[in-house]
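Take this structure first; my questions come after.
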């Protein structure tokens, strides 16, 4: 199924790809049709700042992770031109800024990986994943997600 | 040498692959015979919780890292069917939950990478590696390990 | 342009590749001309220890990240023999040890990625990147950088 039709069915719209926050490539193609997407934060229209275990509930954290993935997909689309070219969601790293006693990183990370499954189905969409806690992320964002994808040969 | 013979020689048995803790693929094949294994914790029979620099000695941390790798290999076997298909242990990321003044992450991480070298020999088994400290991991586990492997073409 | 000429133009010299700090491969080739370089710290001649947000300014952190990249390139050269074989700087992960309220990881990480762009130009040199904060790194180093590179077929 067309990814853009599926996005519409889910009531979602891709945001504008966020501006680059440093010296790097937002999307880098390499090898045989592989693409790395640099770490993306959860900010859509208004800035989101704070930490899990103190400033956000797990549910709010999940929504942040989902928004990170929306931003990541917008960045990926800007890089490869069409999200229907995605052949395999290979790997994501989900970083959750939290207090020293916040231990529900996997629940938060589900917000990012679930969106991929909803869009691409289990076989293509479910990525391998690590979900880890950290004490601080850029600009005090609560969640950051990077991704590795395989795209269709062109 | 057969990996399972080598495991037996080391007095080790593969645990049952741990249950998935969220929405993701425990093992994801991609590209030309590459496989990512999602982050694995150290729990074998009984749960392990706490942090380095406070709740565990470095030696206990090494054992935790070794158990993470046993779990990772069990997950990988469940995904590809036979650990003798491993051609190259490419990369591991070892995350060590610790206090702000615990700085011996490499010693802890050796518990994971040493097992690969013991099983597969230096050339195949020694992976590239980053060992980093974090303030918290899922479920308060002290160590988490993810891995990238290259497998034999089938 | 020859990488070594460019290094000289920038007034830089490759350090001696730092000694391995554990059981791992400093450089691991895999797949089709891909190479992972294990996490490198900023120590050149004298040890550097401490955290961002307390012991170092952002500018000092950038210099640390640049020195991490110099060490990483020295390690990569020791592994593949010639830095002119680099075809694509694919991905770096920049880990910044800092206080719980240090949020300028991207500015610090620019020290590492800028050096790649200065040496290899934007298209080849700018890597995809994640810049994250952590509470502690090995030996209390303030910055650690790992990298994925694509090299020319031989």
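For the reader, a short list of remarks on this structure follows.
So that you can tell them apart, the chains are marked A, B and C in the order they are listed, and the count of residues begins at 1 in each.
As a convention for this text, contacts are C-beta pairs under 8 Å (C-beta built on N, C-alpha and C of every residue); 3 or more make two chains touch, one makes a residue touch a chain.
Everything numeric here is computed off the predicted structure, so don't read it as measured data.
Fitting chain B to chain C on C-alpha positions gives a rotation angle of 120 degrees, to the nearest 5.
Homomeric contact chain A/chain C: same residue numbering on both sides for under half of the interface positions.
The distance from the centre of chain A to the centre of chain C, with each centre set as the mean of the Cα atoms, comes to 24 Å. Residue positions of chain A touching 2 or more other chains: 31-32, 134-135. Chain C makes touch with chain B in their complex at residues 21-28, 30-32, 36-39, 93, 95, 97, 134-140, 144, 146. Of all the residues in chain C, the ones that touch chain A in their complex are 31-34, 88, 90-92, 98-107, 109-110, 113-114, 117, 126-135, 148, 150.
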